[in-house]
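Can you keep this structure in mind? I'll have questions shortly.
For reference, chains read A, B and C in written order, and residue numbers begin at 1 within each chain.
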Amino acid sequence: MNLAMTDRAGLRLSPGWVRAGIVVLAVVAWEVAGHTILDPEFISPPSAVIAAFPRILADSDIRHAILVSFYELLAAFGIATVAGIALGVPIGLHRFTLRSALPLVLLIYSIPQVTVLPLFVLYFGIGPASKIAFGVSHGIFPILLNVVAGAQTVEPAHLKAARSMGAGRLLIFRRVVLPHMVPSLFSGLRLGMSATLLGVILAELYGSQAGIGYYTQVFTNSFDPAGMFALVAVLAVMAIILNEIVRRAERRASFWRVTAR
Amino acid sequence: MTGTAWRARAIQIGFVVVCVLGWIYVGNARLISPIFLPRFDRVMTELLRIVSNGTVFVYLGVTLFELFAAYALALAAGLTVGFLIGRSRFWVAVFEPLLNGIFAVPIVIFLPLFILFLGIGIESKIAFGATYAFFPIVLNTIGGIGAVDARFVTVAQSLGATRWQMFKRVLLPAALPVIVSGIRIGFLIGFFSIIGSEMIAGLDGLGSQIVQLGEGMNTAAMFAYILFVILIAAILNTLLSLLQSRFNRVAAAS
Amino acid sequence: MAFAGDVAITVEKVSHAYLKGAQAGLLQTLREVSLEIRRGEMVCLIGPSGCGKSTLLNIIGGLIQPSTGVVKVDGRVIRGPTPNEIAFVFQDNTLFPWSTILENVKVALEFQGVPATEREGRARTTLAAVGLKDFADHYPHQLSGGMKQRASLARALALQTGILLMDEPFAALDEQTRTYLGEELSRLLAKTGKTIIFVTHSLSEAVFLADRVIVMTARPAAIKATIAVAGAHPRGPAFMASPRFAEQRNELYALLRDEIEKTVGGLVGEEPEEAAPPMLAEQRG
């Protein structure tokens, strides 16, 4: 279906350009408002935010904070990925483990994780360990559940064909089950990545002396909105880049699924 | 409920029982300092006390007030914006990636801003909860309308349906299950973000109470509050699923 | 040493039933089927939909165990998949969509246990033999339905087995393509002298391809009749235009008519294989 909108003069607008236009318009409106009606102690226009970048990036404490957050995020995501796959594959592969373990996973997943955040700080301390642990607790579930779901999508006809050609269990796993799991593993990784980021930031905001989350509070409390926005922008860029990497990998891994049917 | 569902429930209950027994054992054997893991019976006593003397309901009232205010805002904004965008494929293509992109960034990072603008009281919690709950509602509304089988639309067009008839008779009924599921997710996300924002910076409500007890090293009471919140979340979740399944049944029957 | 004309496959009193569910109880799909197939023979199994033809084929190939009775290939009882002697071609959807055509054939050889160094050469030779040389690096979804089935055939041929079991391989194709591929198969048959059992729904396909058509009854399936079809392979359009072809086709339909009536009148069900759940650990016994 052609999504371009044609107006009476025959001018064609693509959704992408309109979207870009809306974003530009919003930034301009923000800029204008920043110079006229908004209180500079609370909000800064985009130009001031951009101007604040060199300042915050020059500050070695803040550079360190960005690195700390990045390290926590990567460590948490790595652990969540390894653990999610290590638990998800055996759970998804057999009917017995699926029936007995999946209800437990869903039970634990249904606990609102924010409520136990103080416990993470209590057990893991105020340093990076509690942030990583809390990030893992957020990231592991989407990964695990998607791996399990992937194992359920295995085509019975493919299993039968492989069996008829003499494939044993190991070969069937490697050549039939694994390829089926990969696309949904990658969607799990994408969701797990944003969940991990949420967990890490939440934990940083809750109680810490380092990381981006901590410094956004510092900037807020010292009425430096430009610095704060710049820091948030750094984090947003980090989130978008990581998200994009995983999304591309996901698309590559599932090319046959998108086009096959 | 089917046999498998009963089995799953039995496994879950068994797991909870084993956890509680393990907890009691650890407490009796003094394996872990009670500051880290208070004895089970102490937590239960505490839970009974705060429920029977009503203290917990004061905090619950504050949190629920914030939640319903936030939810009302999110629902009104999410459904209106969702329908306005969802009616045209063009505007869906414009806004859906934008909204998805914003939702992929952890909005919690803006929490200090909400507090800066609206203060440390309930207003910032309401605004923050409403912002988080808005996204699933608006995205599911758009997605639900977008996923309506094109054949239905073609049939309705061939029968001469007007735009309004198309919306009322085809798009809305076909999209409702997806929209309702967004409404449910929005409610839960709203609840969790309000608890979270109370924890990070709040003076009142369940979240703030948990943190204050933790800071006072009154772990038994903190555990009691945490269990209470988990219980409330489970009750709200069950109510919502019941509502949702009843709603889907009615929608399927009509 | 095996010679053309020897008995290649013996089916002795094979019955099959499976548990359909707690309420439905046992469902019998095959009733004491006995059958002998000679080396180099092309046998078509035809019967009402859902009668158990595919079940019989899967039992012969060792994918399903019979409830009673045995299947022997060259005198040896079949107890499981026997990829060195029997290759399958299924209806559709069994090429791995994440692999190219070449990789699909190579994986089949890996499954069969062929050493890694020989796989590539054998796969390429087979693909060339079925006219897919230029499509080796295409993915299944880039090919037409007919080409996909040709690739499935190549995958089976690459295993270099004496026996080919084909489970409605052309059923998902349009009639023209199906007729054309039938001619190709007939040529292949003439060249290689493979023993083939071919399950089909199509009356014309059965008469066109078979040396012997075996007509099965409605479920539980038993053998109702056998029709011998004269005419050496390769067969072509002339064979199809002959009065004898039309006659045998009509004869076949007359035999099947009652059975189809029974089926349409009520007992239509799915065959057990299609109902199998997608679990790795599951094996229907």
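Please note the rule applied: a residue touches a chain if its C-beta (ideal position, glycine included) is under 8 Å from a C-beta of that chain, and two chains touch if they have at least 3 such contacts.
None of these values were measured; they are calculated from a predicted model.
Ranked by distance of CA centroids from subunit C, the top chain is B.
Contact tally for A-C versus A-B: the pair with more C-beta pairs in contact is A-B. One finds 54 Å separating the Cα centroids of subunit B and subunit C.
Between the CA-based centres of subunit A and subunit C the separation comes to 48 Å, rounded to the whole angstrom.
Remark: subunit A and subunit B have CA centroids separated by 19 Å (rounded to whole angstrom).
Listed in rising order, the residues of subunit A touching subunit C in the complex are 93-96, 151-167, 169, 171-173, 175-177, 179, 182, 255-257, 259-260. By the touch rule above, subunit A contacts subunit B in their complex via residues 1, 3-5, 15, 18-19, 22-23, 42-43, 99-100, 102-104, 106-107, 110-119, 121-123, 194, 197-198, 201-202, 205-206, 212-213, 216-217, 219-220, 225, 228, 232, 235-236, 239-240, 243. By the touch rule above, subunit B contacts subunit A in their complex via residues 4, 7-9, 11-12, 15-16, 36, 89-90, 93-95, 97-98, 101, 104-106, 108-113, 115-117, 188, 191-193, 195-196, 199-200, 207, 210-211, 214, 219, 222, 226, 229-230, 233-234, 237. Touching subunit A in their complex are the following residues of subunit C: 61, 63, 81-84, 86-88, 90, 93-94, 96-99, 107-108, 110-113, 139-141, 159, 273-274, 276-282.
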